[in-house]
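Here is the structure we will look at.
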Amino acid sequence: MYALDVINVRKSFTLHLQGGLHLPVVAGVSFAARPGECIALVGPSGCGKSSILKMIFGGYRCDGGRILIRDGDRIADIATASPRAIIGIRQRAMSYVSQFLRAVPRVAAIDVVAQALDHAAPEQARASAAFLLRRLNIPERLTTVPPATFSGGEQQRVNIARGFLPDRPVLLLDEPTASLDSENRDAVIDLIAEKKRRGVAVVAIIHDSKVRDAVADQVVDVASFAAA
Amino acid sequence: MNEAAYNFAYLDEQTKRMIRRAILKAIAVPGYQVPFASREMPMPYGWGTGGVQVTASVLGPDDILKVIDQGSDDTTNAVSIRKFFVKTAGVRTTTATADATVIQTRHRIPETALHEGQILVFQVPIPEPLRFLEPRETETRRMHALQEYGLMHVKLYEDISRHGEIATSYAYPVKVDGRYVMDPSPTPKFDNPKMNDCPALQLFGAGREKRIYAIPPYTQVVSLDFEDHPFVPYRFNGTCALCGATDSYLDEVITDDRGSRMFVCSDTDHCAMRRARGHELGPEPAR
Amino acid sequence: MIDTEDHPLLRAQALTKWYGRQLGCRDISFDLYPGEVMAVVGESGSGKTTLLQLLSAQLAPTAGRVLYRMRDGIMRDLASMGEAERRFLFRTDWGYVHQEPTLGLRMAVSGGANVGERLMAVGWRHYGRIRGAAKDWFDRVEIASDRIDDPPATYSGGMRQRLQIARNLVTDPRLVFMDEPTGGLDVSVQARLLDLIRGLVGELRLAAIIVTHDLAVARMLSHRIIVMKDGAAVESGLTDQVLEDPREPYTQLLVSSILPA
């Protein structure tokens, strides 16, 4: 059974500040991911890949269609779920790694990662966070520093750690290896593979063909969903 | 001035009725401050006009009046007020606590235990115990009505944090009949225990602030405190130089220019009675 | 983590307030669940402060109701509560953080007494324990404990605001109202305060309604957002959704008006 089923989704923007300019983005988006499967979204820049990921996560609204996700023993539709329901689904069923880390000032990198888990077991969360950061080659002395001063690649690795820490059935990745060197790229490939083995359904935007070839089970060309 | 020009005890009968109504209300709700239409008295505010109005309202021709100020019958204020009532009511007066039916007092409760049938009238400057922390009358009225007394303990907390103990030494707040928090007027906290379960009726009058409150006889009066800083009745480290009393409130008297001092009972009647009964401690100092 | 059981903590139904012929706010409805943080954003005159005061029972609505779920599980209409009950609620189950800390503190009383007052109001009578609880909260809001006996008149603006927060949270409230909690503070002080609020709200699973004109504050602290203009709710929903994908013209204007960092 599918962990994530995107059915006939469409999205457009209406820019009221530009006199109501109507910008269609995508239409007819359909694909599905099984547990343990990785779907790679490809296509030229601006064709709507990030928008699709955001719609799945609930960060963007969608104008039509359904986004079905398995939440425990129910199936929820993100496209029409209430804000409160989406918050719950995110906590239980989805993890999202954006392209850029939105760093909260003053919070140490290890806590930025650890806070992806519930506050319930802070010591355990920090231990797991430390482990992940080590795997992503973040030196220990940096883990207690807020990531605002990190390099782009370091920030992205903190972001990745935060997204990979919780154990949730759906994992959304937006360009996870974009600013990484080859060593770290390989580390991320390993992490994705582990998630797949654990039955997580992964939807990822991956430009790097090497990475794509290593992890993707399905490739979806978003350009084919271009709205008219 | 012709004495007959004054109504009995100075106030007209309707005013006395109004004040008695307020007193009855105050007795019915122990510790609750009842507003009353305070009259202009022939003495300035701050000199006991509230106490005088209460005394004037409860005094009858057969009453025996005692007036004390800081425990003494012969200070200026006590003398003036006593003379005032002699002039306007013609009542008998006394310095003996046990013989008085009405006792008006400023800042002390007599050492001699009171008995049933007596009325103790206190002079009160600021009736509102919360006033120094909460200046708004609207707010303090609400707090009393809703029994929101956390702020009173804040004051005591502040004392402990600043002085290591509850440093309030007079006007120490009490809870009356388990309900209202009351300011016992600027009597020393030494006197607080006397208010509890007292056989006499205790009335409090504030002339400038226009409030009357009361503690009916045999009412529970508890001084506020903390579990780990309980109210401890104050004990002096000394004895009266005149009568040898070890358990009365003592005043410090400077006896000459060289700083010699001695401690004597603040309650002059109590001290005199003890001496009359044979307690003595050395010769009387030169006056 | 948000408690996603099905019972709202606070429910606003068609809340409306007219000041004579002047509109405060009109027809606001929403449900707030335990642990949820909702931001009410808008510019001056949008009605957001009126809404906050209606929700916290400081103003009576012209129309509509506010229902609150008491600790025993029963939903009560705030208007049906007696004053004593409302005031008790305000001191125990609720917190209210004013924009101007002097409004929410007793400036002449020590910091420790400010924090301990609510405890004393609900019957705590052990000085040592009251002081201990106050010290505890000083640590949590990062005020040096050697300031515990100083009055907030001697504190900086940021410290006063943190003291106000401690004073409100000491009785373990379930719902906290905040009116521009970082307004008037220096930027670095704001960042620290926001971080503190974020941490405490998450740790204590507080529900909160935060009025702010600052979208960055909304983004950082809230799960949900209501955008107000001229007394009406123009748009509402998930905070990241409304701020990333604003639908209404006014919301788009607000979002685009933020100067990039």
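A, B and C label the chains in the order they appear, each numbered from 1.
By our rule, contacts are C-beta pairs under 8 Å (C-beta built on N, C-alpha and C of every residue); 3 or more make two chains touch, one makes a residue touch a chain.
Computed from a predicted structure; not experimentally measured.
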Query raised in the report: From chain A, what is the lowest number of touch steps before chain B is reached?
Result: 2
Query - By mean Cα position, the chain sitting nearest the middle - result: C
Requested in this report: Quick one: report the Å distance separating chain A from chain B, using the average Cα coordinate of each chain.
Outcome: 77
Query raised in the report: Cα centroid separation between chain B and chain C, in whole Å?
Result: 47
Query - Cα-centroid distance, chain A relative to chain C, in whole angstrom - result: 32
Query raised in the report: Hey, which residues of chain A end up touching chain C in the complex?
Result: 13-17, 54, 58-61, 83-88, 91, 104-107, 115, 118-120
**Report entry** Of chain C, residues touching chain A in the complex
**Finding:** 1-2, 4, 31, 33, 36, 191-192, 195, 198, 202-203, 220, 223-224, 237-238, 240-241, 244-245, 247-249, 252-253, 256
Query raised in the report: Which of the residues in chain C end up touching chain B in this complex?
Result: 83-84, 87, 91, 106, 109-110, 112-113, 116-122, 125-128, 130-131, 148-149
**Report entry** Complex contacts: residues of chain B adjacent to chain C
**Finding:** 133, 142, 146, 148-151, 153-154, 157-158, 160-162, 226-229
